[in-house]
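The following block contains the structure, expressed as structure tokens.
For clarity, chains are labelled A, B, C, D and E in written order, and residue numbers in each chain start from 1.
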């Protein structure tokens, strides 16, 4: 069970692992919230790769994890994208927006939205920007709004920005403006699940993710 | 209902407005499409039927994306409407369009079924009594398909209340403008611990649709009584 | 169609199977519910109608979540079915259930509209000719509502093809087991760069539903010709 | 087998049925103006209306009894009903419409019977058609055939001939007569055409506004000058029973009545059979003495039994011709000119050709 | 205003219409067996069937012309059509059904006319009802009223009286007669009842299997012994035109014919009016010399013009009574006994009461 935003590199990694270990993997992508609820309802999942820590916390609190299997696998950066190719200092965002919209994922629910809000707040811009925010279901939709010109700016992950040729990164949010963006993973069953998690931390696997724009694990596993 | 916050009230009011508008606005188009499908014999009828059903088959997000492509601020259709003073992007009007499109196949099918059940001999009779085709339609066909129209409205209304996939993709989720009950529920469900708020809104949604349903059932019963069936 | 990978083919085949099963399985229940709503006069009829419409009004995720709560591996109903050899959770059978539930209001409404249009005098005639109620239903009512049944099947089928919200919530998105076209499209759209794959699958989905539609239109036309209308 | 009906039912605030009558084997005609309640009675007997109260029994066995809480559904009553509208099943071919009842009842196919009925109704060419393209009369005939083929224990016909031409009627009536005479089943027959009623019916129930205005044996009702007012004076006439005698080469058959012998065309019954002969009151001419050189062949010596002056210029003269009662309708002026009075001997002249097949029972 | 119809249309592989006839002002009856194509012709004239080829004109102006590509839609033809089934609008009350046509045509409401028609049809009590609960005859009457109220320039009636009782028929027929005589509009009238046809129709078109078998003025057709075979021998009879004379106190009215005077009951036309009188062939008795002491009041001196032996035991005798033609049907035996031969002088005896209101035009 994996967050949908991991789909591309994870597929490749899983293939690689299957070749190496001979184990078949079945990957089920969906939003982290959906996955977490399924797991808490008893879904027969072996590994849970979440896009944020909150849902992993929830699953952990529910007692579903193999103790001590939880690791932070990847990190990501938050960027401001636009269709114009010129960089924009973040502080000028409110002026640049004027009457237009800033596309973000749901600022109270979806991780990318939560991080974005946090960052804007930290930068003291949230008050000015909030009335102009157009929230979308997920990061991809926010990106689409920008790509299609419906909104001039959007806040998305660096990974998304890298995959969409129609937008350019106007600014990157400083790391310290928001809580670290962490993709935690954990095993739900013992055995191969733990092996897979371990494999994801190996160099070849991390390389696949780095290619897609993910940063490495932000710190040593707790 | 003091247990709903002002933002939630806003969402409820907006949902209601969007659903009503979506249902009513799609009615004439649904009627026209149903007529074409039930009575028309033109090349490409099958294709047209498929097009009408498309929003049912496609994941709502796709529909929303297509709407964005067609009516986004950079698309010609979107620009035209904008110039005409009917901006759709990020407006509740866009939510209406999204909801209407999603409910369209349901409405068309309901009306079409009713149309196909109309006794054509009554339309013939109207013609011999001096009623033009338009008048026959208005005074005979339309009243006879009233159950289908009503069913279509109810389905479109209910669908509009429950729709968020296409809506959120097309016009995002802006409190007070495009944040309908369904989007709000969805948002609440994304965050851990949002269940109670989601349940509250779900109940409101159910109450709204129940009211619409009961109204429609009552209207239908009244019509049936009038026909004496 | 060499441009579809084996995984994609799997999704197409699964979607097709799920959609067919969902449409056919919900037919008898849809018929029963439509009958109750069209002909029944029982207390709680309005409530029942609301219940039937619920999946239309609720965001699909909510429906899926409710299904998970009701039929999940840890819920009594889910355990019972599991023990009976019909596990639902995270199986394609669960996807069928989710799709069937989502399409149910559409099917019921189509059948109900047809039922309400049936000329009761023909049923009376069948009775005086010696046909019991059951036989009258099978030999008179059922053939006369065939257009509604067909429309209901098409709607349920199309809806099942397009459904992913409830499905993904209830039974996840497991390749080969519950990863239908719609879920696959959804997943592709969430990941960066998945558009082309999404478009390919969307086209397949459209082709499937178009085929179903054309088949149903052809059947309907044949029936209409048989009735000589 | 006798049907017994007694029921009370309010159809609308403005209209209530309240009827009681018996229908023994043979034809009972329900006669009455449009809106009198004829079709509603048939619906109640068939089980399609549940009366507010009453009892409907067949040979004493109730199919409906409000007091006892009995209400057999239509299909368990096995009463055949030909509705006023054809009500054919639009999704079935004519042939399958015809066979619908037998299949529903689990009766074996009856090809011979079916062929006979199809032939009589002239619907052979329609068998593979769908009902939607049928003409009004064609549909009506298929509906008749459909009911006949179920072999019901009671047959109800609601204006079965309304949209049929006279020739077709002449082909169906003998069939109904045979059914009436051989099957011993009660037939309820609704018709506005008194000649048909007189020909078929043993009993007549005259309805008005939901009530039975008058009921009785057809012969009595038709010969009763008072009932004649209800039935319409132009339609009144006596029904006599005669014995069929020899048929001459010219096609005229002797029919012996106690009061004399009639020479009638178109008699189909065999020699020795006893058949009803309807003589319409307006077809009888009275003469004080037997005239000569007349084209009319049938003369009966009768005695004037009663004189009823109606509202119009006509007088209904009741006659006794031997043991038979005859009715003659003459103008008041003639009655006066001839000095008609009770007890007077007169000759009743009837034209042979005025008595057509519709007036003759099939024996 | 004259309607002219000439069309060819294939309805099914087995049935094709191919007819041509004219309908001048007054009533033209379409007569024919069930399935002959009567309703289909009305549908074509009304514009509900588009014939394969042909021309339908009103006073020369085409409403349909396949050659010229003209095909007016039904509502622009302004032809009223009473269908064989009532076809009432189920969602409208009876009153609104009645008013439907006038509103559709933008005609002003006509309360007086409406009241008159409602009264004549006896549907006053039904006005606020919905059609679904109406009896068969009630619905048929509403359908008639609905068409009459549109004031069409052509009226087509498809068996309008099939489900009506005789008394109701007697109330509607005079209305149609007045319409026929005053409005000068052509009326196409389909009926299986020859008395009605004879009473109303100026022309008769006999149809069989989609073709016109015979067409002509009603008087000729009915008096023509050969046409009598098509119409049914029992129904044959001559239609004479007489001048209404004085009405005596006893209700009998003198009607002067060139060949003699008849004393008839139930004449409603005023003195001096010229009315048609239908005398059915089977109601005429022939005598070699005027008999005496008879209840029959009407005797005409006539001469035998022709003798037609039919298939049965009857002989149709054509008579000339002055300038009028009369038809008498007698048995072959009588004809022989009386020595009937062309040129013989005979007395034709007709009972006054045998001629009922249905046989008399309203003038």
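Please note the rule applied: contacts are C-beta pairs under 8 Å (C-beta built on N, C-alpha and C of every residue); 3 or more make two chains touch, one makes a residue touch a chain.
Because the structure is predicted, anything quoted here is derived from the model rather than measured.
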- [ ] In contact with subunit C and with subunit E at once: which chains are those? Just list them.
- [x] B, D
Open item on the list: Rounded to a whole Å, what is the gap between the Cα centroids of subunit D and subunit E?
Closed with: 26
TODO: Would you kindly tell me how far, in whole Å, the mean C-alpha position of subunit E lies from that of subunit B?
DONE: 56
TODO: Could you tell me the distance, in whole angstrom, between the mean C-alpha positions of subunit B and subunit D?
DONE: 60
Open item on the list: Which positions in subunit C are in touch with at least two other chains?
Closed with: 61, 65, 186, 189, 229
- [ ] Among the residues of subunit A, pick out those that touch two or more other chains and give their numbers.
- [x] 31
Task: Touching two or more other chains - residue numbers and ranges from subunit D - done: 85, 133
- [ ] Write out all the pairs of touching chains, ordered by chain label.
- [x] A-B, A-C, B-C, B-E, C-D, D-E
Open item on the list: So in the complex, the part of subunit B that touches subunit C is made up of which residues?
Closed with: 45-47, 49-50, 53-54, 56-62, 65, 105-106, 109-110, 112-114, 116-117, 120, 147-148, 151, 154-155, 158-159, 161-162, 164-165, 182, 185-186, 189, 198, 202, 205-206, 208-210, 213-214, 217, 224, 229
Task: List of subunit C residues in touch with subunit A within their complex - done: 61, 64-65, 68-69, 72-75, 89-90, 168-169, 172-179, 183, 186-194
Task: Contact set on subunit D toward subunit C in their complex - done: 46-48, 73-75, 78-81, 83, 85, 87, 89-91, 100-101, 104-105, 129-133, 146-147, 150
Task: Residue ranges of subunit A touching subunit B (in the complex, touch as defined) - done: 31, 33, 36, 54-55, 57-58, 101, 103, 106, 108-110, 133-137, 141, 144-145, 148-151
Open item on the list: Applying the document's contact rule, which stretches of subunit A touch subunit C when the two form their complex?
Closed with: 1, 4-8, 26-31, 34-35, 37-38, 41-45, 138, 140, 159-160, 162-164, 212
